[in-house]
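So, here come the structures, one by one.
Each of the next two complexes has chain A plus one more chain, namely chain B in the first and chain C in the second.
The block that comes next holds the complex of A and B.
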């Protein structure tokens, strides 16, 4: 009994755990990715949206490097390089090429004003963030799993740092806010970029909780993204070729 | 068996590459050969898969469930390849050039390739990738006619399906994280490993992954409320593509859900996974049954019928009875044959009457000596009339519902299917039995467009009257796998 009490007392009085360098930087980058996602709402120029996407992808690639160093997963360096090449360079290039033929530069304004949209996005993002927090996903790993199977000790990361639950919550927030972005925007380019940022959110989540995924699968995911980007590009061009516009406001023929 | 895997993965791909350069006639021949070869290869797999799991290397694997989906896809692939010959030969629609035909054939073969690859993947990660590839290729095929409506449908389809698959990717990641607790940090996410890990997987992560997977892949299955792209894409795609979309693509996405279902049942027990599918299934079925009334467009009508049948599949799995599982797998096969047939028959009507509007089509039985009666038989099959396969499969599913005392859900299923029957048969009646008002010559546009439909009706009768012994064994084993026994 006494032991239990001292244990409890130690638990209560212990100062809040200082995040490790890895945990801290992961969280900072996740916040950065989310802020860039919110920046999309403000940014009406299509070219600048593409720039924001490139910046966001760069942040995700940097996180891959940090995870690679912190958890000692050398394959992640390769992944970081590939992801940077694809998402920071190639995808923005493809999207700019797609834009070249179009004389529109301003995103089709949404049904809602910027302020309303941002408020909505904050609500949705907060929902995602706090829901993941209450699920206690990260607790499962080092706590129960470790006790039950000691040979997988430190299953979350080799450094013994607290699992970055915050970063996972932020990744969920990015995914949900990306949905808001895709819903409120009224032109094909912004909608496509909304989808690409959704993929960034998922990549963020993957780096946080599935960092050790075999490289071949990760590379396959990236290749798949490349194919998707090219097809999005083709369809955007076809759309523009037919309607001489990037707007989706006219897409109301098919109903019921 | 290695040869079979190689044929399945290489033949459609080779055909697609050949079609990029070859003249149109050669494209047609190559596609028919690839389609028939794929179907033959899968038929060879059937007896083997009925007794054991087949694997090739680390990443290829086929069990009874995958072979059922392969069978459906390869049958439709062969049927559609034959049908397309007529589709291009009989006074083709305006705007059909050799360039269009080559693109169409390359896309068709590539699309079939991706759908044949998906059930062969041993890893949930690779399965996701294959499903995503089916999406992007089919989106291009939906847009191929380059009309305003086709482009609109393609855009809505790719955006919705990609967003849904974004969620499914998140599900894949969560499932990976769940497995990492048991299987070690770095593993291939293969589905057998996860099944074996079963109860040791952390339940919260598995529940999250399963929910996201049902919603994400459900977007492509056409589950309510994320089905909205489906009627658009099905109605605007070229007819052969619509047949593949409806009979195979939806089924392949459903296959992905089934895999998550198996892992979730192993980890969580049947309650939660079945409850989720029941809710989605009932909502989907009710919505589709009501939408079947008052559809003005033949292909949209058939698209909503597909939504209805996907709802039936989801409900069938949620019953959890062995007999219902066998019914679900049989339903996948029968629905592929029936819906492929229905779209191909509708394509003949569209070609004959030059319209997709049901109100402008009449006298089908008089004007089309073959396609008219065949379409009638197909519609009856879709409405689960005996002696066709869907009657047997829906009967098994409903029996499974009563066997597990899920009486309310089984009753809803019966009522909704009856409502759907009314909606579908009213429109078919108008198109086939009303006296012809247009002066059109009696005759078929092309024999190539009739042959695969005859094969489809024959398959439906076979499935309904007396499924071959090998197939029954396959379905039994598949049902056992779904119960976690095999």
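The block that comes next holds the complex of A and C.
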């Protein structure tokens, strides 16, 4: 038994590289964002879909706070507050207001079943995930995560170099899965929400790899989103006004 | 070894005895909590034991035309369920000698064998309910099994072995191990599999009368007397075994005995019972807060668990999980 125990202890004392607590929690939130993206496939009610979007945006805002604390970038607190106000409160409010006119509550069913869509999205997301892995963008290779690089020692504020590769891969997966959502769903609202979540994926990637990006750029992105919301709002209104439905299935003719 | 320590084989046997003896009690507590949450008084906590005792006194009947396998199946299944506690950390944080008989996958295979044997016995009967139950169990099992495989892959990637003891020790080693996404995802996927395997609410109603949604509960329909008691006891043991794997390997591998002293072992037994009851309360709350999924939506539930497990492996693959 003693031999067995020491044999096991050898495994236990030298486990493969463990991400730091910051890296781990950042990755957990990235995974959460991706899971919420997958949750949208399951959601049939438009209201619940908007709620999921709000939850996803909240997760991204929390990640901004974590990055701000870990990397010591105070501007990110401002960004977190702004993105929470805009994406968790204002955008869902606007979307709900837009939907109030339409009497439809149930999203047009997708072209595929839920389980099939999820499996398809897993494959597409995996493609994005592993593509990022092979690109070698990340500055820290897997397995050397614990080794703090000298030029990063300052910026990471003693928390150790967190490998952004996983979170970046997850952000890529979020973007691609959002595309799947937009392609598979046949109603304007789901497609709009898919577009908004795509923006969440992009801001996730921005937070992970470019935390020191100037605040003005990030805020500009947020206002871009606001423009998109207004455009989609108008689009949804007009579409519903013309066709008395939110479904895009009838949009088969191209008009000049 | 310190004086007054229990011999290791005794602890090894105690793991089996603990699971076998405590399993109906855990079912009883869950039933009680569930009833309280619904505003009923509920059965006594010891009711499952009385049920087993009553069934053991009854006559055993077999349907006409059923072969010897029908009666052998409950015995084989219970043997399987009594074997698995030898392989997993039930009471001790250090591996016991027979823990090396099989890894976490081996334990999974033995559980699958038990379920297969029960399904074949159900086919023997010619009763439509039992056959429907076993057919469904195998259909959805085809989606639930890969989830278990991916959870095992996660364990293998995290620890470099696939021994449940190694993962438990890794989880105990640091806080970073707990918040890493792969661990959380694998634990969540395993929890969903447990809901499926123990026949809890998003998948099927655990208690109640005959209905078309039955899966696990329908299989022992034709068994009676002591054989039925063995099957019921077996499914209670399966539940506690799955709880133990989730708790002592993934979620809360604390409170296990680090030595062979009797006091530590007793504490470990109490801790296991406490943790299993806490998990049972969580499951009872889930039971009361969700509706049963339609039969064709169960694939969505399984696809969700599969998604979690696959994401766990993905995040590990790039070294950041």
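Here, the second predicted complex is superposed on the first by the 218 of 256 C-alpha atoms of A that agree within 3 Å, B and C clash if a C-alpha of one lies under 4 Å from a C-alpha of the other, contacts with A are read in each partner's own complex, and residues count from 1 in each chain.
Basically, a contact is a pair of C-beta atoms (placed from the backbone, for glycine too) under 8 Å apart; a residue touches a chain by one contact, two chains touch by 3 or more.
Quick caveat, the model's predicted, so the values are computed rather than measured.
Enquirer: After superposition on the shared chain, which partner residues are touched by A:38: those of chain B (first), chain C (second), both, or neither?
Expert: Touch partner of A:38: chain C, not chain B.
Enquirer: Counting only touches as set out at the top, which of chain B and chain C does A:122 meet: first, second, both, neither?
Expert: In the superposition, A:122 contacts chain C only.
Enquirer: Return first, second, both or neither, reflecting whether A:102 touches chain B, chain C, both chains, or no partner chain.
Expert: neither
Enquirer: Could you tell me if A:188 is touching chain B, chain C, both of them or neither one (first, second, both, neither)?
Expert: Only chain B is touched by A:188; chain C is not.
Enquirer: Scan A:133 for contacts with chain B and chain C and give back first, second, both or neither.
Expert: Touch status of A:133: second partner only.
Enquirer: From the superposed pair, tell me which chain A residues show up as contacts to chain B and also as contacts to chain C.
Expert: Shared contact residues on chain A (touching chain B in one complex, chain C in the other): 141, 145.
Enquirer: Spell out the part of chain C that touches chain A in their complex, as residue ranges.
Expert: 8, 94-97, 100, 157-161, 163, 165-166, 169-170, 173-177, 179-181, 184-185, 299-300, 302-304, 306-308, 310-311, 314-315, 317-321
Enquirer: Within the complex, which stretch of chain B touches chain A?
Expert: 123, 125-126, 129, 132-133, 135-136, 139-140, 143, 146, 148-149, 151-156, 158-159, 162-163, 166-167, 169-170, 173-174, 176-177, 180-182, 184-189, 202, 204-205, 208, 231-232, 235-236, 291, 295, 300
Enquirer: Quick one: in the complex, what on chain A touches chain C?
Expert: Answer in residue numbers: 1, 4-5, 8, 11-12, 15-21, 23-25, 27-28, 30-31, 34-35, 38, 42, 114-115, 118-119, 122, 126, 129-130, 132-133, 141-143, 145, 163, 165-167, 169-170.
Enquirer: Report the residues of chain A in contact with chain B in the complex, numbered from low to high.
Expert: 135-137, 140-141, 144-145, 149, 152, 155, 175, 178-179, 182, 188, 191-192, 195, 198-199, 202, 205-206, 209-210, 212-214, 217, 220-221, 224, 227-228, 231-232, 234-235, 238-239, 242-243, 248, 251, 253-254, 256
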